[in-house]
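Working notes, beginning with the structure itself.
Chains here go by letter, A, B and C, matching the order in which they are written, and residues are numbered from 1 within each.
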Amino acid sequence: MTKPYFFEAEAPLTVAQIVSLTGATPRTGAQSDRVIRDIAALDRAGPADLAFLESPDFAAQAPTSHAGACFTSDRFAAEFPAAVTVLISTHPYRDFVAIARKLFPSALRPNSLAGVTGIAPSATVHPSARLEANVTIDPGAVIGPEAEIGARTTIGANAVIGPRVRIGRDSAVGAGASASNALIGDRVIIHPGCRIGQDGFGFVPSPDGHIKVPQVGRVIIQHDVEVGANTTIDRGANRDTVIGEGTKIDNLNQIAHNVMIGRHCLLAGHVGLSGSVTLGDYVMLGGQVGIADGLTIGDGAQIAAKSGVMHDVPAGAKWVGAPAMAAREFFRQTALLKRLASDRGQGTRS
Amino acid sequence: MTKPYFFEAEAPLTVAQIVSLTGATPRTGAQSDRVIRDIAALDRAGPADLAFLESPDFAAQAPTSHAGACFTSDRFAAEFPAAVTVLISTHPYRDFVAIARKLFPSALRPNSLAGVTGIAPSATVHPSARLEANVTIDPGAVIGPEAEIGARTTIGANAVIGPRVRIGRDSAVGAGASASNALIGDRVIIHPGCRIGQDGFGFVPSPDGHIKVPQVGRVIIQHDVEVGANTTIDRGANRDTVIGEGTKIDNLNQIAHNVMIGRHCLLAGHVGLSGSVTLGDYVMLGGQVGIADGLTIGDGAQIAAKSGVMHDVPAGAKWVGAPAMAAREFFRQTALLKRLASDRGQGTRS
Amino acid sequence: MTKPYFFEAEAPLTVAQIVSLTGATPRTGAQSDRVIRDIAALDRAGPADLAFLESPDFAAQAPTSHAGACFTSDRFAAEFPAAVTVLISTHPYRDFVAIARKLFPSALRPNSLAGVTGIAPSATVHPSARLEANVTIDPGAVIGPEAEIGARTTIGANAVIGPRVRIGRDSAVGAGASASNALIGDRVIIHPGCRIGQDGFGFVPSPDGHIKVPQVGRVIIQHDVEVGANTTIDRGANRDTVIGEGTKIDNLNQIAHNVMIGRHCLLAGHVGLSGSVTLGDYVMLGGQVGIADGLTIGDGAQIAAKSGVMHDVPAGAKWVGAPAMAAREFFRQTALLKRLASDRGQGTRS
């Protein structure tokens, strides 16, 4: 990158080390003693940077690249100038990521934004809260009564952790986030501004005013979950809201009360899950997807961006549309309507 | 619930008391002296828990239920094991909620997350602010000049209340929320991270850069309103933004400048109301609905999830789609397109 | 407005001054010495208020207006009562805005919500941070190591500015917002609760759990940008996320890693831009628009509210729908389907 202003590689690596770590095959002429200090996109990379080229969409950038080293497939290896150390791989992007993780280990988890080690003087930690070793509490953070924070976890500036909330080890809570009525696992990342554990949206509609339903469940967030910035996860009403192990949730999602999300799901931005929705394992939801109350989405199902799901989705299915349907059906309908409109347009105008 | 970790029933009730409070009819063999200490979903309930069964979708759970007591309709009363005290009701869910409210009165309104009574030492309350009796100000909260907070209202940790803002009695503002240029009523709940009263999105487009329009109106939030987590309500430009009495707004809604919402409306998650939209009373908007600038939605209208409204909606209408139309018309179009695609599919493939 | 409770005109203007500033033509009988102290919507304006009438939709309000003065076009000038000083203009709204900006100069940029001048005692400013003259830091705000804040910039209550972040002059960061890994220009407005610079959503999907991709780029926000409340802007992965000069972003937008937004774009509420999307200059996106990964939207393109863009959009194009297409095509398809459904309905029912 042109200016490594915020992140600097903690431990630069030689090409020889990179080859050893990934098993990539250097192109003839590769400089095994070249030192790599940073990563960059292919069109921006300089002589100390590592890049990758996997998709043909970006192949035109290869001949003019100034990258120090670049992972790519056999197919594109000859396209680079001689000055680029080309590293041939069957999985260029995966290898690039593996090296990026070696170069920037501290970028794998948010850290204190205030240069704090330990507990900042302006943090408010209730005397009954229990903190394990090497916890970082940034300025202005508030830790409520009987809350428990595991070893090496960071609580960001002005974040708020409610009474009895438990957070595991090696986790991070971002600036200004809040969590209440929640049990949170190890290696969990809660990004800034997340709202976890507030009341779900429960009312008995009535002509005299809607009657509030007490929400007395919890939020359970299992290990290795990541929750994006300003996402909201409501606590359960009469059971728990559960986010399964390894699931990654992007920014500005709304997860309603009693939702059960399985393991290793991926939810893109602005997804909305209504009350009591159940997702299986390895479900993938595109951006701005909405799922109606109480539905079940089977293991491995994929729902395209902007879809509105009105029925249960079988395991492994790919659905699209609002209302959502099997992708093949959706594209058949879309194509038909396009063709009909085109025919009519010709008929009436030509 | 398996572990009442965050909420415990303040006042357990006997079955006899529950019958007396609701008028439900105990099934033969009901144990009137059984003590109910918690609520739970039917499939999770144990001997001290109260559950309910109203929808046939969950009737299969009845025969294996371990609930201490369960409200249900006459239709399902015989499905439960003898050990369950069955309480027959014409409105099982409503009666369940009534008892839940008795068991958990403190769950009806968010409380201090920091175990605070009165004003936390790390709160910043401007000397000219006026606080009535029994106000709770959590750590890190900021109360601006001449703000007024009514009796028994709680301001959450790190929340920010701007100059001259007035908040009524028995209200609650969640952690990290902010309010400026706003007048807020009694028994209002503002969930964590809400943003109330900032500038609306007003610009005069111009090829030399868009010119910012001063936004000098207010936000008026009437009594008994609930606003979900991370929802944004902009102040008016040249009039007020108004949220009518008893209206409930879910998480991550965007309410633009000059919007007028009537009484007792229900807005689900991710709803977006453009500038100067008017909603009547008892309007219901599904999740991810968007309504274009300046439109009027009549009393009691219902707009289905994900709809995009481009025209005024008459009172009592049910609209669906993007662009939204009367539900009957939408489903007619949807069904037709499905049938046509199916016919073509057969014609060209079989 | 009925009660100028939060904003009062700093410098009232006479009609003569208003005429002089805008070049409007007073209707016969206009009182050039009338003093204007506030602005209001036409139906609410009183004798000291300035209003405007530009759209025929509101012309019916003219005959009963009590406004002190009103900008309007020649077409509507005769519709007002004699007591209203009518100011005839070819651009009534633009002139109204110009005068509103004169009356309320302090409303053009958010100010301290806590009545603070300088650095509030409860703010936490790292000793290595550099603040220029006349910076305001509200209570509870946290400024990290080596951060730089330009002259006359305001950092709102409980906002968090991370290490090495640079913010220019005459900017404002709202209450509870956070920024890290970001370089921010002059005259930028970041509204409350914005999340800038956190990790983008980058994972290598894997059956053994998704592998987190280090995100080591920055967020670059150029001069005169405005970012709405609770909007999230992720930092780049291997390049920068860039928001171009003069672009205005509404509330609750999600801007993913590596997005490049050009100059003077307008993005309405709930817009979601996936990773590596590129917008040209003067692009306009309606509310709840979503754009898929890596797409390019050409200069001056306009995408209607709720559209889901699946393909690159040419400069100047107007697209609608999900999946989005040229507006003319979309409306042709919509009209055809409506007609077909209507024909069938008649055929089978009448």
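General remarks:
Keep in mind that, in the parts below, a contact is a pair of C-beta atoms (placed from the backbone, for glycine too) under 8 Å apart; a residue touches a chain by one contact, two chains touch by 3 or more.
All of these numbers come straight from a predicted model, not from anything done at the bench.
Superposition of subunit A on subunit C using C-alpha atoms only gives a rotation of 120 degrees, nearest 5.
Shared residue numbers account for under half of those found at the interface formed by subunit B and subunit C, and the copies are therefore classed as meeting with different residues.
The distance from the centre of subunit B to the centre of subunit C, with each centre set as the mean of the Cα atoms, comes to 27 Å. Of all residues in subunit B, those touching 2 or more other chains are 122, 140, 158, 176, 193, 230, 252, 270, 288, 322, 337, 340, listed in ascending order. Of all the residues in subunit A, the ones that touch subunit C in their complex are 1, 4-7, 38-41, 44, 51, 57, 93-94, 97, 100-101, 103-104, 107-108, 110, 113-115, 120, 122, 138-140, 156-158, 174-176, 189, 191-193, 224, 226, 228-230, 246, 248, 250-252, 264, 266, 268-270, 282, 287-288, 305-306, 322, 334, 337-338, 340-341, 344-345. Residue ranges of subunit A in contact with subunit B, taken from their complex: 122, 124, 126, 128, 140, 142, 144-145, 158, 160-164, 176-178, 180-181, 183, 193, 195, 198-199, 201, 203-205, 207, 209-218, 230, 232, 234-235, 238-240, 252, 254, 256, 258, 270, 272, 274, 288, 290, 292, 294, 308, 322-323, 329, 332-333, 336-337, 340.
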